[in-house]
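Some structures to go through are shown next.
Both complexes below contain subunit A, partnered by subunit B and then by subunit C.
Presenting the complex of A and B:
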């Protein structure tokens, strides 16, 4: 039976989908024509007081955010569907489908913003665009073909959900979900090749190199390509989880029945779990990327970490501090609906203390904003006492302890309503505690020792700190799983009994992730400074200057607002489709 | 008394007061009394810290339903109870007045230079021209590390430093030379962990050779009084001075990563 949900969902997406495909078709024609056209280096743009760079910036940022949405959420959907298949729990299957429905409209939005971006690039930066197409044209054709496959796989995945629901066909259906992710990942890797070429072109490419002579694979496989690929892949999982959490929060807050509230409470928890879980490993991928950037160009590396972009890292520390605080806060409030969690309540204040101190240390600037008198009193821009907190040794120590604390919150949440019955339960808990203590000692030891060694040795210490934390997480969770076997329940989780403020924590998580993507993306892109392609194609337009942090932050915030305005619409459409089913079956 | 300090609202207020005391007075004024090197914390940083503590207090209070209700109770009672009318009236005047005063303090004209944000490590170019010769800074090492004796280079560097650098950077390399108080920003302190050990020798070469006039456009104004030493010092004289700086400060330069070194990833 074709439900009204399907009809409504497809109607809602149809217009946008047609728009997206028409845009891509037009794009295929426009690209070669414009690339060949001889004319000025730059086109004029003067709509709403925006200049050409503003236009490209907004289009690129929104395209990227929607692309992260449509790459992150399918990862989430396919994992949740697998859990549903193997645990034979229907509600996971429903959850995965609910998200795939949102994807239909999000795909169209991604395509539309992508088309707008290419039109802007080809009309406002025709010479530069011609240069890129001269090198990357075959990969652009492949990109379009893969986007086609990806879209049709999505349609099969969504519309075939009810048709292929049982037995082997369900596994085939799940395979479609995996294929959807494979296509999406390849598409992202290709686009990453273009943008990383702009940052780190191969060393043999100079300003005199004829673009047609640049080998395609060496252009794609440049110094920062793979670090960006991995960083974005992980970040998309985080983003997917956060968007799921935000959707659940929105639906929770607008729910009218306890049943709905229970469903969306559970969904929000699942989204938050995946987002925070993936967030824990994300800094390490970012660290690799930063290192590759530094290796590629000392100038870029120092501009990013010590130069005028360095303050973005303080803003980032603040925002990631908000993520840790909001993620933990959500768990702590959630313990209120779990029987047996009361015994962990007294520990919350100490975990919060570690997190707050962690944020304070992490966000302590190396170079402080100070007036003339304050600088004179300090004897420079660095504080004689707090200066020790401004360097990486302190910051790495703080963030690793924050990760350990967050993991401890998860562990308490997980264990709250369970009473282990295995005879070694007490010893197991002590071993877990010992593992935490050892990890904390390793992290603090290398943090302090880092002040007494050379920079190159100190960089290596962060690997030991991270290894200690990750090993502890795996070890402790292994013990916990074994200990939970046959555990007695202290009572069921009362899903839905959450105060509204917990849901705002989920919304804050999604907004903060989005903001971070924009801000740190600006750092990555801005360190090219006045180059379209670093040290190869110079930006000779009026906008060749790198924007200061204030205007850049304003622009990114506007993009985040537009994105959430559009995402709000997608959520609303998702709700519309579901409401019709409710009314139909309820009538 | 016990009841008062056991109340979540009072506890929150106490944490904020203690936090402010630590950031504003303990670090800035009390630690130096015990011989700890410290200075008043800039207002921007105190604000940042206090904001973090405030968020922490609010999260703690609202993380548990009963505590949150208890925390809000005095606020709610002040807002609605009949017998709190007097206090309510006072607060309704005092709070806007406080906000007004803070706003006035922030925007009133003052004679002080505005607070500035200055990067201490400007990004170097990938290559420079030194006395007509192109030098690639990326991967460049101090050539004197591989020739002659360390003592010789130290002697040359010490003489050059004493003759040219001491007036500003001081004989202890701590940026406290005779002229330093006249500069804003004051000359770099080579003994600080954030300066020499963070930098490669090629970076320091660039800073010495090109000085303030050679600083990049980004992040301007640099307000640097550092002269360019290129017209006055030979290449090897600069390298020798750099060796002296590192040896005298007792730190080692940042090195370039090599294949297989990978910063300790074994």
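Presenting the complex of A and C:
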């Protein structure tokens, strides 16, 4: 028998799904009609004290966060389903399905916020919106069609889960999951074309260019399109893992049975593993994007890194420091439920020391804010001592050592309850230790050497540092896998025996990832400054200025709070739906 | 209770981030106003316009302020300029540094700056001097300096127009390279800077690529020189005539001086 609460939850979910479809239908009609409207450049908005830019900012940020949710979580689901298929472990299959259920409502939320964004853009920025549609209309129609395919594939994927559970049909079902990701990725790439055009329009497009004459492909395939595509793809994996971790933490903390706690403890670990693992490679995509921005426009690059946004990177370092510390903290607490992990406990304080020092160095500003007398006394804006830490040589060294330390935490966690039986186990461990030491020496050597060479040579050193760290990670994992063959167990992991503070660490990770996305979105959008389309369409509204970090941060926090409020509702609906399945099965 | 704790965790985390972002220095990027120059401007007005030139059309921030390519000037230039060269006033030092930068390279930095009078007008240069003086010092640029510069600019409205087309055989590419200050950054025959590729490295390259490198240098930055992207002014397309560009491109991609040109003069291959 279904409870009243369950029925209400299912109705709410169905209503949200219908809302999503209505939003898409409205979008398809509105795009061409509104784009043709002639009138003033800007519309008026004054609800809740928000101006037109605030309205578009909130709608765009929430649309993007839900879009990242519905792109990141399917990546997670399809990988987990594959692990379940090939390991024949049904636990993974159950986990993948649980997340796909959340997607149904999240898709609707994405579409609704997308429709709100389009309506805001078309009514508050009609001339600019008309300009964009004049160039991108065909891609917008394709976008709507792909959204349909994506949604339909999702329904097939979820509702066909139990029907296509065995044999070849399971592989077909997994293929649906892959298709879901393919549609989603193409949809994201198309939307990225629009927003990157605003940043880096093709060089032959000027203020006098008639938008109808701009070639669609050249507009999409602009200087920053592919770097943004790759950066967002990786970031979505991180985000998907973090959201999974947050969901698991929420369910763990509200669980009433040991069995549930064990399940969600394991889920939280898996989500965190994927999030931190993908985070480690994300900076490389960021470097590529930064380089393309510099190559497109030196002025834009300077604005981003050395101009009014330079302090944004200090905030970013602070946030990433929290991510590293919280991620490692979660692992270290988790070792408390692994028999044999106690032998690693004495090392943790040293790892914490490396991480804290790394964060301090990374967050040291390159130039100091000081009055004229202080600047004159320092001989410039760089502090005589701290200035040494505020340069890329020190920061690259710090972050590479932090990555190595985090990897060491994972390795300890993985090795905690295993006792290798291969005859070369001791030698293998020593070789692993040697590899860590060599990588650390290489990183520190090039970090110090970087102070004695020219900038152009120094930039090349970061490649050696990253290569040393990545090579060590791959080499050490290879040895570890071979060493773990036939290893004796020191005891099973006691899933579920985690103190609640570990779950709050997962929640903080998810909030921090989400806030970081908002901050980086502000950086990407803000470097256009007073241009709708950089050096092509000027923003002549009252909100043409780019806000300072404080007001921007307040806006980001509001968006993240709304997002987590809605995600909390999705999690709650997910819990109700699961309860209904349980009760129906029980009946 | 658990739900409240979760809510508190989310809100407290956001509050910390918001707080940190609000206590750091706040800089808002304002919309630049259109610059109108006149002879009766006060020193403060000149410095204010100079600040816009510094961050905008002057492109100064491409190198100054990064701490690596060129000295930081903001907040400090006006307090040290008078002591740089004995007997030279702050104003004169700053002016000369702008129009003859190679003579004033600060120790520890690379000789990559170009004569700014190639890309900026005299009035713009004076606003820059006023702005730099205001960074820790007193503005001594006067309306007389500025009025004279405006008059000079009016008298010679187009000093940078390309010369009339001439016979390519009369143009010496090596002399052109020297006149345009290319060797400040590029090497030819083992002489010159290392901020950009040596000209010998261009031999055999695609002509369109080389031409684009001259007239639109930010379009393709050689990978080895990415750190100096943006250093080369994008003004050579205006400074050089079409014929001069053709001769230069021919010289760069073939490595040969056309007949009638240089016999291997300054900086050329002997």
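Operating definition for what follows: the second predicted complex is superposed on the first by the 557 of 587 C-alpha atoms of A that agree within 3 Å, B and C clash if a C-alpha of one lies under 4 Å from a C-alpha of the other, contacts with A are read in each partner's own complex, and residues count from 1 in each chain.
One rule holds in what follows: contacts are C-beta pairs under 8 Å (C-beta built on N, C-alpha and C of every residue); 3 or more make two chains touch, one makes a residue touch a chain.
Given the structure is predicted, the values throughout are model-derived calculations rather than measurements.
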Would subunit B and subunit C fit next to each other on subunit A once aligned, or clash?
clash
Have a look at where A:295 lands relative to subunit B and subunit C in the superposition and call it first, second, both or neither.
both
Identify the partner contact of A:553: answer first if only subunit B is touched, second if only subunit C is, both if each is, neither if none is.
second
Touching partner for A:325 - first (subunit B), second (subunit C), both, neither:
first
Tell me which partner A:100 touches in the superposition: subunit B (first), subunit C (second), both or neither.
neither
Which partner does A:544 contact after superposing on A: first (subunit B), second (subunit C), both, neither?
second
Please work out whether A:529 is in contact with subunit B alone, subunit C alone, both, or neither, and reply first, second, both or neither.
both
Going by the contact rule set out at the top, does A:391 touch subunit B (first), subunit C (second), both, or neither?
both
Using the superposition on chain A described above, determine whether A:515 touches subunit B (first), subunit C (second), both, or neither.
second
Mind working out whether A:561 is in touch with subunit B, subunit C, both or neither, as first, second, both or neither?
second
Which stretch of subunit B would you flag for clashing with subunit C, going by 25-33, 97-105 or 241-249?
241-249
Would you tell me the residues on subunit A in contact with subunit B in one complex that are also in contact with subunit C in the other?
291, 295, 297-299, 302-303, 306-308, 311, 318, 366-367, 369-370, 372, 375-376, 379-382, 387, 391, 454-456, 459, 529, 546
Subunit A contacts subunit C in the complex at 203, 250, 253-254, 291, 294-299, 301-303, 306-308, 311, 314-315, 318-319, 366-367, 369-370, 372, 375-376, 379-382, 387, 391, 454-456, 459, 504, 507-508, 511-512, 515, 526, 529-530, 539, 544-550, 552-554, 556-557, 560-561, 564
Touching subunit A in the complex, subunit B uses residues 27, 31, 36-45, 48-49, 52-53, 55-56, 59-60, 62-65, 112-126, 137-138, 175-176, 184-186, 188-189, 192-194, 197-198, 200, 203, 218-219, 251-255, 257, 261, 263-265
In the complex with subunit B, residue positions of subunit A that touch it:
291, 295, 297-300, 302-303, 306-308, 310-311, 318, 321, 325, 329, 332-333, 336, 345, 348-349, 352-353, 355-356, 359-360, 363-388, 390-391, 451, 454-457, 459-461, 463-464, 499, 501, 529, 535, 546
For a test of understanding, state which residues of subunit C touch subunit A in their complex under the given definition.
2-3, 5-6, 9-11, 13-15, 17-18, 20-22, 24-32, 55, 59, 61-62, 65-69, 71-72, 74-76, 79-80, 110, 135-136, 216, 218-219, 221, 224-230
